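Quick heads-up: structures coming right below.
Two complexes follow with subunit A in common, the first pairing it with subunit B and the second with subunit C.
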Partner chain A sequence: MGRNILNIYCLAVYAFLLAPIFVVVGASFNAGEFLTFPPQGLSLRWYFTFFENEVFLRAIGTSLWIAAVATVFSVVIGTMAAIYYVNFAGRYKEAVRVAALSPLLLPEILTAIALLFFLYDIGIGTKTMFGLLVGHVLMTLPFVFMNVSASLESYDTDWSMAARSLGARPWTRFRRIMLPLIKPGMIGGALFSFVISFDIFTISLLLKSIGTATLPIQLFDYLKTNYTPEAAAVSTLSIVATITVVVIVEKVIGLKMHKF
Partner chain B sequence: MTQRKTFLLLLPAGVLLVVFLAIPYVSVFISAFRVPGQGTPYGDGYTLANFTRILGDWFYLGQAVNTMLIGAVTTLATLVIGLPVAFQLARPDLKLRGLFYGIVLSPLLVGIVIRSYGWTILLGNNGVINRTLRGWGWIDGPLPLMYNTLGIVIALTHVFLPFMILPIMAAVQGIDPSVASAARSLGARRPTVIRRVLLPLAMPGIQSGCILVFVLALSSYVTPALIGGLRVKTTAVTVVDAMIDTFQWPFGAALALTLSVLGGASVLIFARLTRMKWK
Partner chain C sequence: MTEVRLNRLTKIYAGGKPAVDAISLDIPTGQFVSLLGPSGCGKTTTLKMLAGFEDVTSGDITFDGQDVVRVPAEDRDIGMVFQNYALFPHMTVHQNLAFGLEMRKIARPEIQRRVQATLEMVQLDHLADRYPAQLSGGQQQRVAIGRALTIEPRILLLDEPLANLDAKLREEMRVFIRDLQKRVGITTIYVTHDQAEAMTMSDIVVVMFDGHIAQAGAPRDIYETPKTAKVAGFVGQVNLIEAHVDPDHPGHAATPFGPVPVTAPGVGETVTLALRPEAIDIAPAGAPGTPATIERVQYSGAIVDYTLRFADGTAMEVKTIPRHPFAIGDAVSLSVDLARFRQLEREY
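Coming up: the complex of A and B.
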């Protein structure tokens, strides 16, 4: 009895979680001029409108580019830090962890303003994409760090010692022993990093240079003044793309969600 | 490897965090005391005026209090809604567990702008909820769900629910199932087991979930901006307005710092209170 009530309650919560996603997807197939749900007649017209809208296409390109570059930096920097954290940090372990996770613990809005002031002070400002990239690397670093250090916990330093005694050089030891073990963590971290970067808002809003609006910024801008279903079409494509990538990665290598 | 060589592993992350996080935080703290500039982000010299303007004006103080209340209510709502789900998901024998887990994670994959947009479709005066209720003849005029605090709380609850469920689920999964059966074999009824055994053991997860949701809700911008519109503004929205629209950087920095200090203090009080209660 009690269990049934719990199940019904949980189903209601799942419906609540899916509801806004569901209406966005549904509204994107609207045939009418205005955003309504359920849609007034089915049509793909807003998808065609979107494919002709250079502003959105450019924003998607910017988002993909930043997410890709930031992820590469995050994965390299975060993996190195995670290896140090698990194997060599010793009594500074807790300090290294808090430092690596700090971009996540500090309020994003204050971090964005802090970076804005700093970039202005050193004369870089927001004239280039540099600030935007730095902000994205900062915000995605904790996710790579968490994923890689979790996969390293199962790593036994004796293996490295054994390889060393057999004559393996440091680079070989890393490539042949550690890398295969941390690869799932690195891929998971990269995936997280990419998805998070694609969604970063406040940092992008304050640090963007002219003409480098990312997709969330462009969408937000559009929503402030427009009510056509075009935004729903853009959103739906973005949802489908993200879920496809995540499902593929999950099927191919398997993802483990690590605790916060 | 020698100590010096292994340290090189930490170097890139260290440089990144010091140069682009620690130093900027020092600079934002200083900049909150700068005088406003004309045509430039800030002028020469320092002043307390940015802070006296915030602390001396009920507009900003009231807004900060309202923002904190929105954060607190959102935290409470995610806790009440998420706790049973976290307990259900933690059961290893649950059917379709992968699917439900995916649903809990799905908002994280969808993007905050899109989720908030979904809520504007649902909550608007001509939105799904109002039109459905009107269609059924339950209401005459639209219920005020958008452009107010209620709408912001509803949408924020949705946006941050996964951040409450996941840490609690992780904590519950760590509980040894034999603890609960031991309590039951000693004659404790189900509600007692939950209240006296399971909840205290899940407390670390509850605490981190609460802190996470509260902090995220306080500094969130997109959802309050889209749902609140021009009518209800949270402090974070006013901060961004000051930075971008009116170009008052030092004032924006002072306001963001004030909000962060208030938020940090609340988190400390919360941690102190809950630890006292449960230890």
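Coming up: the complex of A and C.
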């Protein structure tokens, strides 16, 4: 009896979480002119439309490019920050942690406005992709930081000492011992970072240069004037991409963790 | 092989009293030396300074007369075995053993040969491709020792290596480590708080308290001729007897067993004498000796421990093979070879 109620409750929660996805995916196969659910007839026409729509393709290209570059920077900076935080911060440990996580704690719009003012103040502005990239690195940094810190907390400093006694110099100790052992955290952080960057809206809206648009911005723009199932097709492809990344996380990290 | 010498070696952490306070010690080539003491006595700090993991505040460490204080750990050529083994979890046993040789830029075939030799030496050739997590505690321990030895270091340092093993395995590993050390002939420094380990394995036991060396010597000397009550008590059970110098026998202290010769202060002053529990013979009442009463019996098979009390109220521990089935309350007679008494130094 109690178990049945629990089951029903779980089903309800899942339905609440997943229903919008079903609606979007369903609507993307619409044969009609308008974004409706349930779809009026099934067709892939809006996918074809999308693949011929250069604006969307360019937006996806921009999003992928920014996500990739931001992830690289986030992983490098976030890993260095995590190493400092775990091994060297001493009594400033808590302060370092809060600082590194602050982009998560503050409303995104505040970070965006602050960055916008700052970029104009120092004369960089938003003419180039630079500001946008900085914003994305800032927003994805906490995820790398958290993942790598977690890996480092289970890193035994005796491993470094053992390597040292065997003749390994600092860089070799990092490359041969620490790096392989925190790699799962770095990969996890990188995947999070990529997915989060792909999804960032507010920062992108304020910091994008004229004429560039990431996918979320382009979708928003499109929906302001159009209401076709093409938007649903784009969304569906984004969902597929996200799930692919999650599956990779599970395969790569899940297996890695098993070995130790 | 390497002779190790510590000269007034000192370590002071910021704002504290010395963790290691001007200790001096000569370790002859090929000897197995234990640093024995309670936690916080400075034994691990001493080991870390030897390894190069801790800076030296003052004093010298020399290997074969060569000062190594300013040589970084990675160039000091020491083999180190950690309490938790510190095996690299992402490397197989073979890769763990090869690591130190790779750091020395030794050619592949030679690495292969030396790793194989080490695997055979620590009896692990059948597990070369396993990861540390797939090994038992005892096997991990042997990998750790093998890894430290493949580089053919000048000295071998072990930091409480048996602390995480169960009692039976610990005894096996004691024999294993000792045999291996003898075979390789490497100068070895072993940190432990377990007196049985230190006594059974070492050529020299160094007993440390509060950053000082209380006494250094062969296990037998430490046990039979302890300098202070603290040393006597740390390496085994001991009866401490505060005795007055006997007015009737100048140069002797009065004990329940009779006058014991002491290097004596004047009449009326006290000295502290140590007497090991197994030095005392226990016989049924009426036998020659000093009468006493049994207060407590702890029978453990091969040996039995008695707590006894003399008529004057002094308590005494006796350890013996269980010859007589004495029970609590029995009157017995105790005797001792007076030469077994040891006069202790005063501790201030």
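The rule is simple: the second predicted complex is superposed on the first by the 253 of 260 C-alpha atoms of A that agree within 3 Å, B and C clash if a C-alpha of one lies under 4 Å from a C-alpha of the other, contacts with A are read in each partner's own complex, and residues count from 1 in each chain.
The definition used in the following text is that a residue touches a chain if its C-beta (ideal position, glycine included) is under 8 Å from a C-beta of that chain, and two chains touch if they have at least 3 such contacts.
Everything numeric in this text was worked out from a predicted model, so none of it was measured.
Undergrad: Is the arrangement of subunit B and subunit C around the shared subunit A a clash or a fit after superposition?
TA: With subunit A as the common anchor, subunit B and subunit C both fit in the superposed model.
Undergrad: Is A:171 in contact with subunit B, with subunit C, with both, or with neither (first, second, both, neither)?
TA: Neither: A:171 stays clear of subunit B and subunit C.
Undergrad: On the A-aligned overlay, A:181 touches which partner chain: subunit B = first, subunit C = second, or both, or neither?
TA: Once the two structures are laid over each other on A, A:181 reaches subunit C alone.
Undergrad: If you stack the two complexes on chain A, which partner ends up touching A:161: first (subunit B), second (subunit C), both, or neither?
TA: Second partner only.
Undergrad: Can you report the vertex angle at subunit A, computed from the C-alpha centres of the three chains with subunit B and subunit C as the arms, to the nearest 10 degrees?
TA: Rounded to the nearest ten degrees, it is 100.
Undergrad: After lining up the shared chain so the two structures overlap, which partner does A:99 touch, if you call subunit B first and subunit C second: first, second, both or neither?
TA: Touch status of A:99: first partner only.
Undergrad: Determine, for the superposed model, which of the two partners subunit B and subunit C contacts more residues of subunit A.
TA: B
Undergrad: Just subunit B (first), just subunit C (second), both, or neither: which does A:238 touch?
TA: So A:238 only meets subunit B here.
Undergrad: Have a look at where A:137 lands relative to subunit B and subunit C in the superposition and call it first, second, both or neither.
TA: Only subunit B is touched by A:137; subunit C is not.
Undergrad: Across all Cα pairs of subunit B and subunit C, what is the smallest distance in the superposition, given in whole Å?
TA: Subunit B and subunit C, overlaid via chain A, are at closest 11 Å apart by C-alpha.
Undergrad: Overlap of the subunit B and subunit C footprints on subunit A, residue-wise?
TA: 259-260
Undergrad: Can you name the residues of subunit C that touch subunit A in the complex?
TA: 51-53, 73-80, 82, 84, 86-90, 99-100, 103-104, 131, 133, 147-148, 151
Undergrad: In the complex, go through subunit A and note every residue touching subunit B.
TA: Those residues of subunit A that touch subunit B are 2, 6-7, 9-10, 13-14, 16-24, 27, 35-37, 76-78, 80-81, 83-84, 87-89, 96, 99-100, 102-103, 105-111, 113-118, 120-121, 134, 137-138, 141, 145, 170, 195, 198-199, 201-202, 205-206, 216, 219-220, 223, 231-232, 235, 238-239, 242-243, 246, 257, 259-260.
Undergrad: Going by the contact rule at the top, pick out the subunit A residues touching subunit C in the complex.
TA: So the residues of subunit A touching subunit C come out as 156, 158-159, 161-169, 172, 176-177, 180-181, 259-260.
Undergrad: Name, in rising order, each residue of subunit B that touches subunit A in their complex.
TA: Subunit B reaches subunit A through residues 1, 3, 6-7, 9-10, 12-14, 16-17, 20-21, 23-25, 27-28, 31, 41, 81-82, 84-85, 87-88, 100, 103-115, 117-122, 126, 128, 155, 158, 161, 166-167, 170, 190, 208, 212, 215, 218-219, 221-222, 225-226, 236, 239-240, 243-244, 249, 252-253, 256-257, 259-260, 263.
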